[in-house]
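Presented below are the structures under discussion, each in the form of structure tokens.
What follows is chain A paired twice: with chain B in the first complex and chain C in the second.
And then the complex of A and B:
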């Protein structure tokens, strides 16, 4: 029955035949649309020269691929696309502005490197608790490879500091030290307390102790001396630097450390180890060199990522200048 | 209301009988189908930026539920590309029956393909499955995974491809369009709701069919194939299983087939041919509309997350609750309503018959529920179509200059009013149908069924409009 129906053996007369040219045209159209369309898609895709970089939440893979290569002076075309949530893309130590990588939407970026080296690209949007793991590298080679000058070691290495050692103090300040109040005291600090070296290598507590012993501050209260320390620290920074540091902090650090520096950022709660920059007991026992080291190297085992390949020296200085404002605010009464 | 026969208009009939218009629409749909599968497999996994999700679950769905089903019934089945490949393998031709072989003369269109076709020993579909229970099960299965299916392009692509393979597989084993008739989860509810459509394929005079010994509408002739849906048009009393494929219009030598405009919902009050599998399809569709409204449009994030976390313990609980609601609570309460409204409470068989009959009152209610539900997300999300048309894979293309258009919800202020109108209209329609069905038997009342429908409507109004 089935075969009869298919081949019409049961039909008594066959007056009409299928129009063969019509059948062939139908097959041609079918092939054109059904086979031609995928072929056209394939051909259009084949002509694309840009490298497509997919951005996914780090738990699902982060940047794919996470290693790229380029040559000095040769534009590297990237098609950036997020496969889940909003991400960002920036290349560390270049100063190039970050771009958003939107879900399902291609963002085209062209990078041209002037110097060979290994560059780190990273996500600039808080995409999830492991946002900071979202990184990749670009190996840039040059036609004329130069031997890179030996990099000077970070300050904490030079000073042989153990940046992982606890630096809590057994002190409790009644009021946060104020650089503004310190300036109002109208005391000229000995120049050694205002040197860059002191700011970089000494802890505020060490400077406070030294000042406490100095004759110029003999008549001052402990709180006044803390205000002087705040003023000394503030003298090593500029408003522009602090502003720059604040921008960097909000973009890169606040997710874990909180916008108020309290270690209570949206992702920091997941780690439960994000430093509290408002805690004077830990902050005043640390030096700028310690912060510099932690930022560059990252916090071993704490979830704190390394930023040494992303931030420039100036950016790290600006960031630390801003971190100190959590202890030494200018407008504190 | 008098029926109006569209095939009396020569231009309309010529367009319907000619295979080209239907064929063009089908291959365009097939190309779209293939691109949707490719987009799902190769394109961005972000659903709102992938053609497979936006095109299939927003655009196609809107077209289907807001226009094709309510206005044309099986109109989508007329142009559906899914059975094309299988039919080609069965028939050996795309456009129409090939020339009959006479003696040793080979067909003019002979080919290896036709050798394959000739070698097929197609079987009739198994008797025990000649119902829509498999379609009911298929739809339920899809519905359970819908949160994933509707949002993940890869899953959508796999399902679309599976439909295609199933259709081809069924065509290579069984006669006619076995996939469409007995397996397609979409075809099942299209068939149910096509009963309300104001369009029908019927014979003009059943006596002509009775006298026609060849029954070419069923066996086929040189002008067309025997009904691919295995339906004898002379016996058609409802739209449910007529696939609107137009073959009978081509094969009838007596010009006895009519495509008519008729009163909406005309099939619902036809007492003959009511079946329990169709009744349960009504519950499945109504219940799914309720659950979808809660999961996809409701304010409960945990419910959405649960529906999405397929395989988890929470999801198993969700799946169980879903099935209990649709296969237990809704039919159970409806059985009570039927029991309360019938005079033959002691007669189980009669009660079951009334239960099945009354369930047809849920057909307009269910269709209106789906329309109301679809109005929400279709108008809210249809603007995703513009960028996706230009960049179907999320590869940064801009074919029509619309890739950068932002998402914009349309008619957001009007939609709640429209939904209210649709749902209340559905209730009135269901109540009217329930009364007509109740009037078929003496001593029965439609009030309990109407109360049932009322509570469902109130629930949907709460879920959709709040």
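And then the complex of A and C:
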């Protein structure tokens, strides 16, 4: 009898709990449906269009895939994920801020291009010695095929310069030329020395030679004339430009060329000896056009990356303005 | 009586060693700069010692890939990339030993990239060393008390009703046959 009652109770309570959990389940499913459907639709829509881009160390493949396509005005959704270490992602010449791409974490970016063309995306975090090889391209097609404006060739092509030729001089400067001292000399330079053209196409040494022969400098020492060259160079750059150049330099170049420009960055010897921008023998024999060409095109099989598709013209100008300050320091008396 | 005094003495000594404020940390706070080189997968130096109150400047230089530094206890973080040395300045106002670790996933052994910041002498360590010495002293001084006592081991007495046997399963009482 007692045993009977026990079983009866047991069955009853079990039934009740089944009812309860069934109701709960139904409510839960309903809630899931109400909340989840829009979420799911949104996720599925993004999933349809979003492209997953994996980031790996360059030795293991770099960006996968490394070619993407998009159309002007149509948002390109990317899901970025790292399969090893911390990487970064930025699109050259757009000015869009770089994002970090961390392992085990999805970084979503949406890119909308206003102009057709080929864009380069690149890693912005030093992830290994080959980090600078980690790049990909986005082919953006226009709504209607427009005639692309003919791009003017880089200066070094126009001038037919051999940017790989050695440009070492046999000179020795005791002190670095100073624009400030040059200004103090109170000499009005003939205007042809202050032209943009001279800054772009002539080497400082060529300008020094020409100035040396000018009648205005007859009474000056050789060092004074170098100070005049520094002043002429300084007149072609602005402080903001130099500051901008310094920021870009530290982010992109200092790892090889050294934060002091001495070619002694941690990767300065990883490939070929990175150029020493503090060496007056090589620097004063090169022109802005040579640097411009080298930065755009990169080295020929050397460790010097090409930056032509990454930086805008203004950014390259700013970088070169900063490079010259290693020869013509701004703040020495 | 003599025993009681000894006990009292030791208790006072124990509290003294464990809790007495020490006139340490009187070193005049200075500012010091430490250059930390971060490479895969270590910090060099791995141990940084400063005095409490010091103004500490850490220059973090990455020598291969991007690394970071997160300082436990102080909850501070910086990251550095090759060519871009990062600088962190703080006042070492918490004493003790704090771990710092790399905060950027930098490779396979990244979780093992750790170091230590020691602020002030490690009082806890010295106090515990002193306490152990005190304990040793205590037992040495107590030794004469044992002389007239029976040794602690169990001795089988001839007329005992049971014996204590040490079996595999522990100590078990068994009836004497």
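Here is the rule we go by: the second predicted complex is superposed on the first by the 282 of 333 C-alpha atoms of A that agree within 3 Å, B and C clash if a C-alpha of one lies under 4 Å from a C-alpha of the other, contacts with A are read in each partner's own complex, and residues count from 1 in each chain.
Everything that follows uses one rule, which is that a contact is a pair of C-beta atoms (placed from the backbone, for glycine too) under 8 Å apart; a residue touches a chain by one contact, two chains touch by 3 or more.
Everything numeric in this text was worked out from a predicted model, so none of it was measured.
Of the two partner chains placed around the shared chain by superposition, chain B is the only one that A:26 touches, whereas chain C remains out of contact. Once the two complexes are laid over each other on the shared chain, residue contacts for A:219 go to neither chain B nor chain C. In the superposed pair of complexes, A:266 makes contact with chain C only, with no contact to chain B.
Legend: residue contacts after superposition of the two complexes on their common chain; A:84 is shown touching both chain B and chain C. Of the two partner chains placed by superposition, chain B and chain C are both touched by A:103. Contact with chain C, but none with chain B, is seen for A:255 once the two complexes are overlaid on the shared chain. Within the superposed three-chain model, A:114 lies out of touch with both chain B and chain C [touch as defined at top]. For chain A, the partner touching the most residues, choosing from chain B and chain C, is B. Using the contact criterion defined above for the overlaid structures, shared-chain residue A:34 touches chain B, although it does not reach chain C. In the three-chain superposition model, chain A touches both chain B and chain C at residues 82, 84, 103. The residues of chain B lying in touch with chain A in their complex are 20, 23-24, 27-28, 30-31, 34-35, 38, 44-50, 90-102, 108-109, 117-118, 120-124, 175-176, 214, 216, 219-223, 225-226, 387, 391, 393-397.
Interface residues of chain A facing chain C in the complex, by the touch rule stated above, are 82, 84-86, 102-103, 125-129, 131, 250-251, 253-256, 258-259, 265-267. On the side of chain C, the complex with chain A involves touching residues 62-66, 81-85, 104-107, 110.
For chain A in complex with chain B, the touching residues are 1-20, 22-23, 26-27, 29-30, 33-34, 37-38, 41, 44-45, 48, 52, 79, 81-84, 103-106, 108.
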